[in-house]
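In the part that follows, the structures are each spelled out as structure tokens.
Shared between the two complexes below is subunit A, which pairs with subunit B and subunit C, respectively.
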Partner chain A sequence: MNYKKQVLDNATLITVNLSEAGLNQSEEFKNFIYDNSSASEPKLVIDMSNIKYMDSSFIGALVAGLKHVLSKNGEMGLVNIQDDVLALFELTRLDKVFKIYDSVEDALINLK
Partner chain B sequence: MGRKILLVDDELLQLVLMDKLLKNAGFLPMRANSVDNAFKILEDEIPDLIISDIEMPEKDGFDFRKLILEDIRYKDIPFLFLTSHNDQIFIQRGLDLKAIDYIDKDIPQSQLLSKINNILVTVREQKEKSINDLKIVADKLNLKNVPNKSLKLKNFEVDFFHMTYQNHPGGDFIDFIKINDRFTFIVLGDVMGKKWGAWFFSFSFLSYIRSAIRLCVFDGNLSVAQIMQRINQVIHADDFLDDIFATLSLVLIDDEEGKITYSGASDLPVLRYQSTEKKVQQFKSKGLLLGFFENGNYTEQVIENSKGDQLFLLTDGAIDYESNGVKKTDINFFIHQLEDLLIEKSTFKEITTGIFNQEKYQVDDCSLISIKRI
Partner chain C sequence: MVLKPNHLSLEIPLFINEYKLFIESCCDFIKDVPEISSDFRKSAKFKLVIMELLTNAMKHSKTTSFIHVIKEKQQLVIKKIDYGKRFYFKDAITNKDYDFPINDFRSIEKIKASLGNNYELHLLVKSNCKVEFLKEEEVVYESVFDIPEHFGLKIIRQCSDSFHYHFDEAQNQNIFEVIFEI
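Now for the complex of A and B:
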């Protein structure tokens, strides 16, 4: 399974088990986020520690997922982003779109 | 680039032999010793052909084929049964499951390779025919997301390079909008996604961008930041584009003053090469992805330029590449290559052939625009 879900006390932790995240996985990933944010005010933490490369299709799915979560007054945080992926996020200001944290614990403290 | 073939067989010896045969013939085989392992590979990589054994423990080849046909992501991958069974009932069962062919394991190697080659050539020709048919229709409807030719102004030469991904149109779009002899807008956008899906939406984005520019100009507004905000507002309000996002670089050339003003939405930095300094510098914008927020925080900056200076706008496909089977995104590598070519006084054609060559396999459609002060 490319995505693992873990229900925590106040949030759902989704771990992405992909080293290269691209077009082939983007639709499935978007639906996975939608499926796990059906409750009101969903709180999602996405663990991206395995992702070494991400293409624009997958980023698009991630952004669509965030928009869906925000439309339900929820929150989504990204954690453990590898340096190359983080550099791309910073270069394209996606670090201003997403809430990014160093660890799952950090995200759980900061997401209201 | 070799064609990828997924081999599925529980017999290790058979897998190794086939792997060697296909590698020697220039293919890129991927091996799975069970149906479950085959699906693990498929989650990461879509092959050009699947060759599967029939008799396997737990799930057999027929089960595998049924599961493949049920999955929209995989159902169109050409599928070949390779087996020691030559029983007519087995053959019929395989063909009923829309397998392209059914081949005996004892077939001479040269014949097997010919069959594989023929299948791949036929599939490719069919695909190219479908793409060409669609391209003809798109051309007839005047659906173009890149200009026909480069642009020559009094003080600037504007060139562009656009490369599709695997011969499919993609989400990159380019437009040159000449308002009058003085003002010209240069548009470079990228709809997030690949291939046809992104291509389809690129026309919606282009329509909004063209309209917003024209309407703002009619109102006497030539601020690229304000035009960007206008574009963002209409895209944000459009439910049809609810989960589709795009990046955008918007440049206004004032040919009379020799002035360049730039605003960007989650785009890559504009690069400027100063011929006197022989250095490439980055100009980053602050704006956010088109359509995500009602207010995308767009700003604009004037990029100073002198005779001989050259500006470059690019999409992410230009900095994404695959090397030794590993995909990477590296703008610094791109800048380094560009700088070397510019120091050598390379033409735009030499730059693009120097950077986007076969050594570095591109993994997305990519675009590069050059604005040269003359």
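Now for the complex of A and C:
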């Protein structure tokens, strides 16, 4: 299973079980986020600790997911991003768009 | 895989299960280029370029492609070559279509290219068969909903010192060329 979902008290934690997140998984991942943010005001925390390599198509899926969550007045936070992957967010300036936290606990405290 | 002392050539299949093998082969090849291999930020950029060229090949080429990594005196050159669909875009301002070779090319011009769905890039059209991707200035999105969902070419440009697309008419080849100064 590439994605694991855990329902917490005030948020849904999605763990991405991929070391390489690329074109082959991006559409499936986008649909997974859509499926798990169908309620109103969804709150998603995405644990990216396993991802070693990520490409633009997967970041595109994250952007699509964020748009979907925000359109439902929800929130989305990304946690445990490895350095190489974080470089991708910085290059695309999406580090200013996404809420990025060091840990799941941090995200749960900070997401309203 | 073809390996000459200063030239690595890798065939990219139509479908890639794992990027790791390609990325590690390319990283191994540039081990003795310390300007990149021993600099964390530069090696991260090098890996991102390889990954984006692989994704680009799978997404757009629809045919077998090749990645060449060439060590030169002052530069590391990466080329993705294929015989597939040519690069295509519109002028975001005039809506003019650009296909290669460009029929009515007159002089070098800078344009804002639209690739659809809010995906825009600044290009320098250098000849009827060559464009340079220009480094993007800080982009401020007014709303999250204005953010594109495609970033591949932009990432390659942001990572590298220069990035060109060249259509080789004689060979019917698409050549994406990325340069790192060393």
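In the analysis below, the second predicted complex is superposed on the first by the 112 of 112 C-alpha atoms of A that agree within 3 Å, B and C clash if a C-alpha of one lies under 4 Å from a C-alpha of the other, contacts with A are read in each partner's own complex, and residues count from 1 in each chain.
Heads up, the rule we're going with is that a contact is a pair of C-beta atoms (placed from the backbone, for glycine too) under 8 Å apart; a residue touches a chain by one contact, two chains touch by 3 or more.
Model, not experiment: these values are computed from the prediction.
Trainee: Touch check for A:63: first (subunit B), second (subunit C), both, or neither?
Mentor: So A:63 meets both subunit B and subunit C here.
Trainee: Between subunit B (first) and subunit C (second), which does A:2 come into contact with in this model arrangement: first, second, both, or neither?
Mentor: first
Trainee: Does subunit B (first) or subunit C (second) touch A:83, or do both, or does neither?
Mentor: second
Trainee: With the two complexes superposed on chain A, say which partner A:25 touches: subunit B (first), subunit C (second), both, or neither.
Mentor: So A:25 only meets subunit B here.
Trainee: Taking the superposition on A as described, I'd like to know which of subunit B and subunit C A:11 touches: first, second, both or neither.
Mentor: A:11 contacts neither subunit B nor subunit C.
Trainee: Taking the stated contact definition, name every residue in subunit A that is touched by subunit B in one complex and by subunit C in the other, in rising order.
Mentor: Residues 20, 22-24, 52-53, 55-57, 59-60, 63-64, 67, 84, 87-88, 91-94, 97, which sit in both footprints.
Trainee: Under the definition above, what is the set of subunit B residues touching subunit A in their complex?
Mentor: Residue list for subunit B touching subunit A: 43-46, 73, 171, 190, 192-195, 198, 242-245, 247, 266-269, 284-289, 292-293, 297, 316, 320, 326-331, 363-364.
Trainee: List the residues on subunit A that touch subunit C in their complex, please.
Mentor: Its residues touching subunit C are 19-20, 22-24, 52-53, 55-57, 59-61, 63-64, 66-67, 70-71, 83-84, 87-88, 91-94, 97.
Trainee: Using the touch definition up top, name the residues of subunit A that touch subunit B in the complex.
Mentor: Listed in rising order, the residues of subunit A that touch subunit B are 2, 18, 20, 22-26, 30, 52-53, 55-57, 59-60, 63-64, 67-68, 84, 87-88, 91-94, 96-97.
Trainee: Subunit A touches which residues of subunit C in the complex?
Mentor: Residue list for subunit C touching subunit A: 15-20, 23, 40-41, 44-45, 47-48, 51-52, 54-55, 58-59, 138-139, 141, 144-145, 147-152, 154-155, 158-159.
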